[in-house]
Structures are given as structure tokens and as C-alpha cells.
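Letters are used for the chains, namely A, B, C, D and E, taken in the order the chains are written, and counting of residues starts over at 1 for each.
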Amino acid sequence: MESVGSIIMYLVIALSIILFSVLTVTTRKILRSATFLLFTLFATAALYFKLDYEFLGAVQIAVYAGGIVVLFVFSIFLTTHPGDSSEKLVSKKKVLGVFAALLTFAVAAFALLYRCGMALTKLPEMENPKMHEIGTALMGTGEYQYLLPFEAISVLLLACIIGGVVVARKR
Amino acid sequence: MFSNILIYFVVIPVIMLAGLALCRNIKQIRAVAVTGSLALTALSIYLLVDYLGLRAAGHTEQMLFTGAWDWFKPLHIQLAVGVDGISVAMLILSSIILLTGSFASWKINPLPKEFFLWLILLSTGVFGFFISIDLFTMFMFYEVALIPMYLLIGVWGSGNKNYSAMKLTLMLMGGSAFLMLGLIGIYYHSSANPETLTWNLLEISQNGAISKGWQYFLFPMTFVGFGVLGAMFPFHTWSPDGHASAPTAVSMLHAGVLMKLGGYGCFRVAIYLMPEAANDLAWIFLILTGISVVYGAFSACVQTDLKYINAYSSVSHCGLVLFAILMLNTTAMTGAIMQMLSHGLMTALFFALIGMIYGRTHTRDITKMGGLMKIMPFLAVCYVIAGMASLGLPGLSGFVAEMTIFVGSFEHADMFHRVFTIVACCSIVITAVYILRVVGKLLLGPVQDEHHLKLTDAEWWERTATVTLIISVAAIGCFPNFFADLIRWTFSSDIFSVIGMN
Amino acid sequence: MEATIPVLILAIPLFMFLFLGLLGKFMSHKMAGILGTAGMGVTLLLAYFTAYVYFFSGTPEFVDAAGNRLQFVVFNVDWLQFYENLVIRLGFLLDPISAMMLVVITTISFMVHLYSNGYMRDHHGVYEHGFQRIYAFLALFSFSMLGLVVATNIFQMYIFWELVGASSYLLIGFYYVKPSAVSASKKAFIVTRFADLGFLIGILILSYYTGTFSFTDLTSVNVATDTFAVNLGTADHIKNIFANSAVPVFMGGSVLTWALVLIFMGGMGKSAMLPLHIWLPDAMEGPTPVSALIHAATMVVAGVYLVARLFPLYLMETTALEIITVVGAVTALYAAMVACTQLDIKRVLAFSTISQIAFMMVSLGVARPEFHEGLGYMASMFHLFTHAMFKALLFLCAGAIIHAVGSNDYTSMHGLRKHMPVTHITFLIGCLAIAGIIPFSGFFSKDEILSSCLGHGWVPYVWMSFVAGLTAFYMFRLYFLIFWWKEHKVPQGHHQPHDQAWPMTVPLVILAAITCVAGFIPFGKLVSWDGVSYDFMAHFDWSVASVSLLVAVVAILIAMKMYMKENPLPEKMRNALPALWTWCYHRFYWDELYMFITHKIIFNGICRPIAWFDRHIIDGTMDGFAYVTNKASYAIRGLQSGKIQMYVWVYLIGVLLLGLVTAICLL
Amino acid sequence: MDITILYYLVPSLIMFCCGVYGFITRRNMIAMLISLELMLNAVDINFVVFNRFLYPENMEGMFFTLFAIAIAAAETALAIAIIINVFRSAKNISVSDLSKMKH
Amino acid sequence: MDYSQFLAMKQEISLLVLFLLVFLSDTFASNRGCKTIGGLTCVLFGLFTLWGFCPVVIGSDTVTAFEGMYETSPAIVAIKNILNVGVLIVLIQSLKWTASENQVIRRGEFYELLLLTLFGMYLMMSGRHFLVFVIGLECASLPLAAMVAFNKHRYESHEAAAKYILTAVFSSAVLLMGLSFVYGLTGSLYYGHIADSMFSASTSNIVMLVVALAFVISGLGFKLSLVPFHLWTADVYQGAPTSVTSYLSVISKGSAAFAFLVILWQVFGQVYSEAWEWMLYALIILTITIGNLFAIRQQNLKRFLAFSSISQAGYIMLGIIGDNAMGEAALMFYILVYIFSNLAAFGVIGAIENNCGKVSMTDYNGLYKTNPRLAVTMMLAMFSLAGIPPFAGFFSKFFIFTSAINQGSVAIYVLVLIALINTIISLYYYLLVVKAMFIKEEDEFTVAPFRSALTERIGMWVCVAGILGLGLVSWFYDSLLSVVGF
């Protein structure tokens, strides 16, 4: 039995995640969409905090909310003409989209809920991961330590940078 | 490796290919083609003599001149060669037809070099197929022999050549799809011990490890696979179109040799390795091949295109080959192989003559020609001889082959086999009908077309080609026992003891 | 006996065929003719010598101590082996009938060779196109026919059987530019081919059960020394094989019956028995000497020879003999009736041939050892011999007449007796012989036949006697219409008909001479079914002889009354029985029936539908696969809509279905 | 009321489905990209939640999320670059223009 | 903190060094030096490829590093070497194109991106932890999007890039979703750990496992363009520059196939018959058939090869389904042969495209008359792709079928039969190309006679040599079999 505060907090987070997600994809204006995405990401970050992953929450806000959404906004400004801010959805597409989404939901839920054992796990006790631990894990080469991915992703980022440059270069 | 005489059946064509690639003009091309195919003919005759000598000296192995060199060792794939009487006969047939085919394409146009390149590639496959006793190499050579047909027909053919070439290639490749599955299946059941799986025909038959259940599955696969090339009903429809569109030498080689690959494979792989299933399932294919025999003959009766007539006649005759093979007794199978030889030679003769006539009159429609006997007596007489061979005149090859088949087939005492044998016998009458119809319309009677009157008779190379073939046909027809003995040896060994065959 | 001479008998014609066939066009016509005739002459001498040695030398190879004639295998070479015992051999069997046939064949063949030297030229002595060719073909035919009669085994016989068929095809179609000749040759070949199918199946059945092809094994009568024989033993052994209960019965007939009937079917084809007779009248499209050789004297009696050869087997199963009798009798009457109405002299002779061969068949069919030691057998062979001579004579005469007049139709002949005296006389001799007038050869042989018919029963006797009368009638009708009726009128621009040059007249005279004397050959001493010599005069029945003579004379008189002078009687007769006349004239519409069957039923009813089926259904299915593939390719192209969202949608649905279906299947 | 793992997974799933829906329906390519972000984010939540609830003894899920965020950033950057490129040449970022090549 | 473990990653490290050299010379070299960058890269990469064959690199046993996060073994070195050879050919063939007027400014980046994606592929194949794998996957696909967009002056190039990146991200989202399920089931992302707990996971929640597996397969299937995850393929291949297309179609596909094999066998090997055997059956049949059906109608040769490569991917999968060492060798051999065959085809297409910009099949009518050598090369490529002996494709097809049937069930026979029947369809469309070149008459659209650049010719010669030699010389396949320990 969790504390009421915790439940309320959960409810707020969960509802805002759901609400803003839906709004993100249903709103007609692209800029609003980006804004709702930002809210969703914030809510996600809140969820991370709630689950005691504070570092992750911070990264979420910094990278996602701070970086990506800004990128979106800029690109929206770059690519949008003043006149065509709103788009109208084709109904056929809508049907297909709803169908796909519902089916996805159904299948995933079926997968999660079939023989419900796992789904009923309660939140176990856990210490907040210390920054020190996180740092060690990120730089270590042992088991559950992530130096290799860390180096690899640096290559990936480099590659994306070069790619981005090539693509963005005018000529 | 090169001490084995059989290897040269592949080496010589490969050298020919290289030689052709260096040729600069038509004379050199002809020289290479004729020299090479003469060398092959000489080689095959030498092989025959050598083979008979060894047999006479008391060598009783299933195959002689065997040799095996590892190729893909972990998969037990070898380049394994070896021949018995059947293979020797087939090699002689192939080399003769290649030789005459080269003469028949003396004036091929356009791109003579490319034509001969493909033709020789095709024959490389054919020779390789007949010397192989390793299923993998056999199959490889088999496909090597198939694919050049596409371009040979497509580029040098006539009529609806694109369609025909495509149809022929796809249908034959379709057959080989079944075949490949069957062969791989055989490999995996080739030995009781998974460590000693083998592709080698002789070893597989010795191991006898293919269980009956698997035989029931693999036998139809391989039989149909080869049967498509053997023009088995209902997979024969590539034959009329393909032959009709193909250039002369290609028709000769295809009907004369390539279709034999089908019969040979049916025997060598399907029946030889899976005699029990062959025994149990033969009835299905007997029905199909029995239909082939009569159906092809009936169809040939109403065609008006010379090549169609001959193609349907091939369906009928090749049907008889498969039919006889399925009888599973020594005599009928000997007859089947003789029929393969006989049909190979005479159908090559037919196609050569048709090509020559077509080259002059530019039509193959028998309603548009007539009285050619007066205009080109040499070709006409050769055509009559070919026709006589086809309808089974004694003294020519068709007769002995068919008679051996009928006598052998009749050995089956049960009503089913008897009825089908008699039905197959009926084909000799129908054959007479369509052969004489053609002879009557094409060669005899008054001249139909004034323009034909100024046409000339055969040139020397054409005479060489046809006379060679006629001599071969007559040789089989006059001295059948020589060939029958050559062939029969294989069947008299103990491989079929499984099913209590004689 | 040494094998040299028998080998030469076969080899010389074969060599002449190859020699003239391959090199003929490089030599002059005359040379070819001389060479061909000379080659045949040598063969003739060798054959005579062989026959002489066989019949009269009395060597123990040929005659046993009791004076019975033996079968002797001169040589026998393995040609094609099927099983250990089942081997096709090429050999040379000497026995009474083969020796007799050697004589017949070489005689007639030589005559024809000689005769052709004259016949194949026009009035100015210019040789016909393809003169060498006819000699080559004649040599081929002689080779095949000789090979047929000396066959040591049934398969050798079949081989040469086919070869005579082919040479007959070549010779009938000699004038290959004429469409009628082409179609006649085709018809002859196909009809006999069809019959040979029966023959072949018969051989298959017979050889399967007996395990041998060899005549000496199968008939096993008085075998001398056949080192090649399986030696099955006696006829009882063969009988036992078929008496075995394991041997099946098919549609009420024993296997042996079926085999024999099917083999007889081959004979029916070659010997032009009803209903396979239709090729023979048309075969007259060939040059007349050819008709004389092949379609009168030798090849057409191959069927009779075949039955005679297997006669001991036929005796085991008399059902087959009954069938032979019936077929023969019906054919004899049919052919005689038709012959009475034909206008073309070669056709009349052709139908007469059919009828006469039918006589021989009937004679074999009614022959039983119980009656006069198998008189019918001897009679049949005797008739074969005499008929060969006089029918060849008649044909050669007809040839001379046609050559002189330039037409086959006797409406353009009439009254030739003054113009062609030699031909007239020889023709008359031939007619008398065939009519059965004493002392010409036909009288004796026909009389034996009628006797043996009588031995079998009244019905065949009366029937055949009636046919004999008809024979006399139509032959003399022919004779009178050619040589009498009215004065000959030479059409404008034509030569006066006259007797031909010596190459053509000499054979006529020789054959006429033979016809006059052949009847006195003591045939029973030479030929009998079991080799036992006997004197057939001992069985000579004077009552039968006088009746038949009477019938013949009456028939001749009727013919004389009707046709000797131009008169309206024939016209009246025709009008009196219009239906019968029409049917006879149209040969009872057999040709039309065949035309219907082959064209309407087989050609249009089977071949065409099959060809259509092949092109449209079978091939259509194959093309259909391609079509369906192409259509499917076209149909699913919407999948590749170019719209990324659809791509993703498909992707997603694909994943979900993949997971869902698998999961559900697993649960 | 116990807040089990399911209570966290369902919002994440909904978010994912929203992403799917958005990706399939939106015409604007940037909007599609935004939808993709939603999907990636939902996955991140999944990892974190699984880690936290089921396997709290190590930090695999958390680290995966950490890296996934980085990857998502890289992806987004590159995708936006490309979209802008498309915009440059087509003057439009409607996905319906993105179907010149088909069938 | 044993950083020496990086030394186990010899090929990755040396590849990065190579990348750095190229990168630095591109960045700092003078303009003149810039011109030689292509040649430099080729030479360096050639050396690097040779390096891969050194015994030092190959070693003889499996080496793991980072506590099981990374693994290398002779088989992995072998597949990397195979890919290296392919990349080398691609590099050589692309020299002319990168030196062209429009591309010259960006060619440095082309090489850099190419090398980095190759690095990503290495990680995909060598990584034994899903995080490494995912990073490798992204590293192998994201820069490719930039490469697809290289033809700046062509709209199709941009369209292709946009399509590619959007679907790629979508598919990686789905893949990650699947991985999250796997994580939820097993509690780890190490291949080894997952495999250890796979059995209990499969009993406790098979549905979740299956769904997770479907998601994972789809993510990989996207790279491998299996149907129904293939729809991007044709558009991207068509729109991308030919060099990139060839790279995409062979190298990217080959690495994905091997990674697929590793994941299915090492991670999910335990639940073979329970979970993924039938999924693969379905995917293989769909892939081969639909790929073939689409290929029939294509006129644009690049698009045509895209569909052909889809169906080829289906055949590659047959090596996986056998679930035995022979299959692994057959898969590697298939990839090797496929690299040579497909690159020969792309070499011809690229040469002609560079010369006159023609890529339609009708432009190839009568090509044999105008450019016989190109036509013959193309024909050999087509025959090899179709599996016609004595060309290498026949052997690779035969071996992959053989390895699949080794599995032994009746179902596999049926599957192989379907695949074999599909080879007929594929033969049909390959022959269409041959027909156009050899049988059809040339017309005014036919490519005019021209002489292709030396580099292009070298590339094609190498490919032709491979097509002719790879199968007939058994050493290649035998050594592949030996590295997988068969």
C-alpha cells in the first residue's frame, strides 16, 4: 500500500503523459504539437524522478526537452510557411492509424498481461543510484559497465554530425 | 586427375571455348568447332573401344574409368567420374550430334562466334553430365547444359523466339527445381551414418540407406525433375515451341542430346537409387508416359509446321523412353537406352534436314511446300530415310529400339502393364501416319511453289552432316546387338535385386 | 548344306539395291537395267539350285529316312538378343514352302526385271525418269521378300515383313509426282502398318508364353538340326504351355487364340483380306510390273505364307482357323463381286488377286490333318504357286496392253486381239488358268481347294464354288472386253497398238508356258504341312473336279454371251439390279467408310482435339502460371504505394500479425 | 491501491500507440518525427520501469535509456537535417509529396 | 578497468584509425591532396582488408571482451573480411562517381561515412550486448541516410533519404520496444545472460516472448528488407546514388543477415522451434515470393535490383533457419557470392549511369551490340544471381538449400521447394535483362558505345573473377566451413 501522495503523484504523471501524448498527435498545429511533446517529455522526466532515477530524469530534461524539442521548434520555423499552419487529416488515414494503434496496444497488452504474474509486481525498495556509481558504470569495462557502448555512441554521434553536415551543406 | 580419359570430355570443350574466344573470323571458328568435335568423336570412339576391351578383360565393376577428386570436401562433394555402357553410348551420341551440328551451322548468322561459344558451353554441360557419377557435379553440368538454350534460341532462333526461349528455359528450370530438392534429399539419406553422407551414385546405391518413406517423396521429385526434360506429359509443352523456334544445330543438340539427359537422369538417379519407390510408384508415371507416347503422336498428325511435327514426335518417342525405363526390367530398359540413341540420332537428322529445307524455302509450313523430291533430291531422300527410321523400319535404329521396348514391356504379366504396352505399340501406326503425311505433302506430289524450283540441293557440309547421321542410324539398325550388349551390362548387375528384377 | 549360296541369295539383291540406289544415277539407264536384271538372274539360278538341292538331292539334312521332308536351318545369326533364349536371329530356313517360295519369288522377280526393261520406256525407247530407281527398289523388294520367306523365326519374318511393306510403299509411290500415287502408297503402308500392329502384339504374346521366336521351336515338326533352337520339344510342349491354367483367358479367348488371331491380322493386312483390303486396288497406281511382282504374285501372299508357316500352331487352336475360313470366304465373294463391275483392268486384276488369295486362306482355314492329310494346306500352297505364275502373267499382259494403249480403262481398248496376238494368247491362257479350265495349272490347285472345302463341309464348298464361277465370269468379261467386244479405234495421234519388244513378250511366253504345265507338278510329294510326302492325286475327287469345271465353263459362256460382241445385255443387267451394281461398283463403300473413320473420327475427332487440348489446355496451364504470376505482380503493386506512412502501416501490421499469429498458434 | 508495474507500462504503451497513430496520420514530416519521439520515449519508459520494478539490483535498463536518449537525439538531428533538405528542394515538407517513386 | 580489452577489437580499432587518417587528410590536406583522397582511401582500405586476413587478426579461437559485451571469432573475422572485400569493391567502383563534378566537394565525407557505417556493422556483428548492438545498428543506418541524400541535385535522392530515415527510426523504435520486452522477461541485455534465462522466460510468458521476438525480428528484418518490412527498399535504392545503393544492397544487408543469425542463434537459440522457426518460414516465403513478384515488372534497373535483393534476402535467411554450423557457412558464402554478383550488376549500372544517366531496362536493348563487355558482365551477374552454374551463385544457392535441408523436417522440404519454385520466377526476370541486352535490337535510346573508367573496369573485373571463381574453387567455401567449425 503506497502513500496517498505517491498515488496522487502517479496519477498526475500518468494522466499527463497520456493526455499530452494524445494531444501531441492530434493537434492540428505543428508548433503546438511540439509544445505538447515537450510536456510529455517533462512528464516522463517526472516519472523517472518518481522511480528514483534522478540522473536519468535530469538527462531527459536536458537532452530531450532542452535539445531535441528546441531543434524541432527551429526546424518548424524553418520549414513552415505562415499560411499552412494547420493540416487536415484524411479520414482514411485516420482509420488506418487508429486501427494500427489499437492493434499495437492490444498485442502489446496481450503480451504483457497474458499470465499476469509479472504485471502485478510491486515497486521494490531501491537506493537511488549514486552519481559515483553511474560514473563508474559508464567508464568501466566490467560486467554491467558501459565503456564500450559509451565509446561506440561517441562514434555514432560523430557519424551523425558528419552526416548532418553533409546533408545540411548547401551544395 | 588428367590421367583419366573421361576428364577430357570436359577439357576439350573448355579448350574449344578458349579457342573460340580467340577466333577472328568465320573460318577459324569453323576450324575450331569441327576440330574440337572431331576430337570429341574420336575420343568417344576410343573410349568405346577401351571400355569394351576392359569389359572383355573381365572387369566387372559397375563403372569403369572411375575417378574421384574431392571438391567440396566437408560436404563430400566430389568431382567423381565413371562410365558404364550407357554413358559410353550417350557420349558417342553426343559427340556425333555435336559434330554434325557444327556442320549444320556452317553458315550461322549473325554472331557465329557467340553461337559456337554457347553451343560448346551447352555441350560441355552435356558431356560433363554423362561422365559424372557425383550427384552434385551431375546436377551442375545438367544446368550448364540448360541455360545456353535461352540465348541460342533467343538470339539465333526464328518465329516467336522470345516466348519460346523463355518458356523452354523456365519450364526446364522448373523441373530442375524439383530435381535439386530431390538430390539434396537423397544426399541426406545417402548413408545410415551421418558422417559418411555422400553424393556418389555408386556409394549411395551400395548403401541403400534411403528408407522407403523417403523414397516415396524423393523419387517423384527426381523423376519429374528429369522427366520435364524428357518431355513427359504434361510437362512437354516447352518442346514444340522451343524446337520450333530454335536454330538448326540447337534443335539437333536439344532434341538429340539434351532430352536424353532427362531419360538418362530418370534412370541413373531416380530409378537406380530408389528402386523400391520406382517399383511402387511406376504406375503413376507409366500412365503419364503412356499418354505422352500416344498423345504426342496424335498431336503430330495435325501439325503443319515441320518442326512442330517433329517436336511432337519427339514427345512421343521420348515418352517411350521413360515408359520403358519404368518397366523396370532389363530388356525394356535396354530398349529405352537404345531408343534414346536412336531418337537422338534420327531426330537430329530430322532437325538438320528441316533446318536445311527451311534455309532454302524460308517456310516450314507443309501446306506451302510440295514436291521437294524433284528439287532437292538429296535432302528429300535423307528426309525419307529419317522418316523411315522414325516409323520403325527394320534396318534403321528406330525399329530395334522400339521392338526391344515392346518385348521388354510385355514381360510384365499383369493386365495394367500389358494394356499400356499395347497402347504404346499403337503409336507405331500413328507414327507412320504422320511421317507419311509429311513425306507425302512435303516431298512428293507436284511442286507447290514456283519459286522453289530454282532452289539448290545440299552443300557439302550439309551432306556431311546428314550422311554421318544416316550412317549412325543405320549402324544401330543393322547391328543392334552390339549396342544392346553394351547397354545391357548395366542392368544385368545386381542393383535391382532389391525389387526382384531379373 | 553350305551357307554360301543361301547367303548369296539374300546378299545379291541387297547389294544390287545399295549399288543401284547409291550409284545408279552415275550410270546409264541401260546399264542399270542390265545390271539389275543380271543380278536377279544370278539370284534366280541360285534359288533354283537351292530348291533343287532341297527337294531332289535326298540328303539326310532335308529328308529323313522315311522320306519326310525336314526343316533345315542353313544358318542363323544372332541379331538382337532380348533374353537368354529370346533372340532375334537372322537366318535361312529351308523347308518345302520356303524352297517353293524361293522359286516363285525369284522367277516372278526375274520376269519383272526383264519386263521392266521394256515397260519403263516410252514408244521411242526413251527411258522413264527414275529408271535406275525402280531397279533399286525391285532389288530391295526381292531381298525383303526372300528374307521373309526364309525367316527362321517369327521376328525375322516381322522384320522383313516391314521391309516388304516399305519397299511396296516406295514402288507404289514410284510416280511420286502424281498425288494419287502418293496417297495410294501412303494408304498401303498405313493399312498394312495397322495390321502389323496386330502381328506385333501377336508375336509379343506368343513369344512371352513360349519363350521363343523360332519357327522350329514353335511348330516343331520334323526339325532336322537347328543348333540354335531352344528345343522346347514337341508340339505337345507348346500345347502344355497354353493348357496351363495360369495362362489367362481374355474375353473368352485363350491366349493362344488371341495370339494367332492377332498374327493373322498381320496376314490380313498384307494379303488384303476384308476389311483391310482397301489398299490393294489403290496400289495399282504403281508401275504395272511392280503390281505383277508385289501385288499379285509375292508380297500379297505373305499372309498366306505366314499362316502356313505357323500352321501347326493354328492346328492347336482351331478357333483361329475358323476365323480364317470365314474371313477368307467373305473376302473371296466380296472381291469377286466387285471385280465383276470394275472398269479399270488393273483393278479387276487386283480384286481378282484378293479373291484368289482368299481362296488360299480358306483352303488353309479348312485344312485339317484328319482330312486327306491336310490337303487344304497343300492346296493352298499349290494355288499360291500357280496363282503367282498366272496372275503375274495376267498383270504383265495388262502391262503390255496398257503400254500399248496408254490407258488403264478398257473402254479405250476393245478388240485388241488382232493387234497384239502374243499378248492375246498369253492373256487367254492366264484367264483359262484362273477360271480353272483343265489342263491349266489353276484347275488343279483350285480343285484341291474345293476338295478340301468339301472335306470341311457343304457350306464352304458351295460358297467357294460359286466364287470360282464368278471368277471365271469376271475374268472372261475382262478378256472379252479387251480383246473382242468391238473393233479397236485408235485415237487421233496415237500409234497403232502392237505387241511389245522382246523384253516384254519373252516373260509373257515363259509364264504362259509355266501356267500350262505347272498343274502337273506332283505338289503333294513336295509340300505338305508335316513334311510327309503323299500323292495328292490319290485324293483327287473327280466329282468335285467335274462340277467345278462345269461351273467354270458355264460362267465363261455367260461372259461370252454378254461381252463377246457389242450388245446391250450388260446395260440391261446393270439396270436390272441397280443397287447391287452400284454397291459392287463402289466396292461396297469401304473406302468411304475408311475415309470417314480416318478423317472424320481419327483426324478430326481425335487428333485435332488433342492438338487443341495440348495448345490450349496443357500449354495454357503452363502459360497460365506465367499469366497468374504476372497478374499477381500487378495486383500487389499497390503495396508499393510510395507513401511512407503506408509502408510503416504495413510494417506494423506485419509485425503484429507475425507475433499474434505465432503466439496464438503456440497457445 | 498498489501501483504495480502495469500502472506504469500502460501509459507508456499508450504513448507508444499515440506515436504510431501520429506517424501514420500526420502529413507534416516534422510532426511524424515528433510522433517518433513519442515512441522512442515510450520505449525508454519501458526500460526504466522494467529495471526499477523487476531488476532493481543493476542499472541495465537505466543505462539503456540513457544511451537511447542520445541515439534519439542523433536520429532527430539527422532526420531534421534531411527534412530540411527535402524542404529546400521541394519547398514543402508534406509527406504526400514524398511519393514520387512508387510501384 | 582493463582498457587493454580494446585491443581485442583489432578490426574495429584499425578501422577507426583508418577513418581518422581519411578524416584528417580530408580536413587538413591541401586542395591537391583532396583529389587523391579517393585513391588514398582505396589503398588504405585495401591494406586494411589485407590486415584482416593476417593470422594475428583471425586468431583461432573465440575472444570475448568487456565481460561478454564483445566477441570475435574466426567466423566473425571472416564475415568482416567478406564485407571488407565488398566495401573495397564499392570504393573502387565509386571513385569515378565521387570524382564527378557534383560530388567532388563531398567525397571526403562519403568515405568517412562509409567507414563509420562499416564500423557500426562491425559492432552489430560483434556486439554481444543489445546496447552495443543497437548502437551499432544505428551507426550503420543513420549515416547511410546521409549517404542516400548525397545526390543533392536530384529530388529522388532527398526523397529516398527522408523515407529511409523515417522508416529506419520507426523500425528502431519497434525494435527497441521488443528489446524492452526482452529485458523485462530476462533482466539483462547480455546475449549470454538472456540465453541463460530464455528457457524459464519461455515457460513463464511465451506470448510476451513471441511478441518481443516479432518486434526484434522486424527491426532486423528492416535492415535486411524482409517482407513486409521491405517497403522502403525499392524507393531508397532507386533514389540513392548507385554507389550507395550497391553499398546498401550488399554490405548493409550482409552485416544485418549475420547479426540476425547471431541474435537468433545465440540469444533465442533455445526457443527455436517454439518461437521463431515458423515466423521465419512465413517471412522467408513472403520475402522470396513478394520480392520476386515485384521484380517482374520493374523497368528501372536499380529498382529492379532492389526487389531482386529482397528476394535474395529470403534465400539468405534459409541459412539461418537450418540452425546449424553449415548454415552459418552457407550464409556467409551466400553473402560473399551475392556481394560479387550484385556489385558486378551495380558496377555496370553505375558505369552506364555515370556515362549517360540511363538506368531503364529499355535503354539496355541491344547493349551487347554497343558495349559487349558491359553486357557480358551484366549477364554473368544476372546468371550468378539467378543461380546458374558454373557461376558462383549456383553454388551459394545450392549450399544454402543444402544447409537448410540439413534441419531435416518435412516442413523444411516444403519451404525449400517453395524457394526453388521461386527461383524460376527470379530466373524469369533476370533473363529479361539478358534478353534486353542480347536479344532485343538496339534503338535510338540504347546506350551508345563508350569506354568506362579504369576504376570501374577494375571493379567489374574483380567481380567477374569472383563470379567465375568463387564457386568453382572450393577453397573459399571449405575455409568458411572450417572457420565455423563444421
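Couple of notes before you dig in:
In this section, a contact is a pair of C-beta atoms (placed from the backbone, for glycine too) under 8 Å apart; a residue touches a chain by one contact, two chains touch by 3 or more.
The shown structure was predicted, so the numbers you read here are calculated from the model rather than taken from an experiment.
Common neighbours of chain D and chain E, listed by label, are A, C. Each step here moves to a touching chain, and the least such steps from chain A to chain D number 1. Contact with chain B and chain E alike is made by C. Put simply, the chain closest to the centre of the protein, by Cα centroids, is B. The busiest chain interface, judged by C-beta pairs in contact, is A-D. Centroid distances from chain A, each centroid being the mean of CA atoms, peak for C.
When you average the Cα atoms of each chain and compare centres, the chain farthest from chain E turns out to be C. Centroids built from CA atoms put chain B at 70 Å from chain A. Centroids built from CA atoms put chain E at 77 Å from chain C.
Centre to centre, using the average C-alpha position, chain A and chain E are separated by 32 Å. Each chain gets a centre from the mean of its Cα atoms; for chain B and chain D, those two points are 64 Å apart. Of all residues in chain A, those touching 2 or more other chains are 93, 96-97, 100, 104, 107-108, 110-112, 118, 146, 149, 153, 156, 160, 163-164, 167, listed in ascending order.
Looking at chain D, residues 16, 19-20, 23-25, 32-33, 54, 60, 63, 67, 71, 74-75, 78, 81-83, 85, 98, 100-103 sit in touch with two or more other chains. Looking at chain C, one finds that residues 626, 637, 640, 642, 644-645, 648-649, 652-653, 656, 659-660, 663 touch two or more other chains.
Contact between chains, as defined at the top, is found for A-C, A-D, A-E, B-C, B-E, C-D, C-E, D-E. Across the interface of their complex, chain C is touched by residues 162-163, 166-167, 170-171, 174, 206-207, 210-211, 213-215, 217-218, 222, 227-229, 231-232, 234-235, 274-275, 278-279, 282-283, 290, 293-294, 296-297, 425, 428 of chain E. Residue ranges on chain B touching chain E, taken from their complex, read 70-75, 77, 136, 139-141, 143-144, 147, 150-151, 154-155, 161-162, 165-166, 169-170, 173-174, 177-178, 180-181, 184-185, 187-188, 217. Taken together, the chain D residues at the contact with chain A in this complex read 1-28, 30-31, 33-35, 37-38, 41, 44-45, 48-49, 52-54, 56, 58-60, 62-63, 65-67, 69-78, 80-85, 87, 93-94. Residues 626, 629-630, 632-634, 636-637, 639-640, 642, 644, 646-648, 650-656, 658-660, 662-663, 665-667 of chain C are the ones touching chain E in the complex. Across the complex, chain D is touched by residues 130-131, 134-135, 138, 142-143, 145-146, 149, 152, 155-156, 158-163, 165-166, 169-170, 172-174, 176-177, 179-181, 183-184, 187-189, 234-235, 238-239, 297, 303 of chain E.
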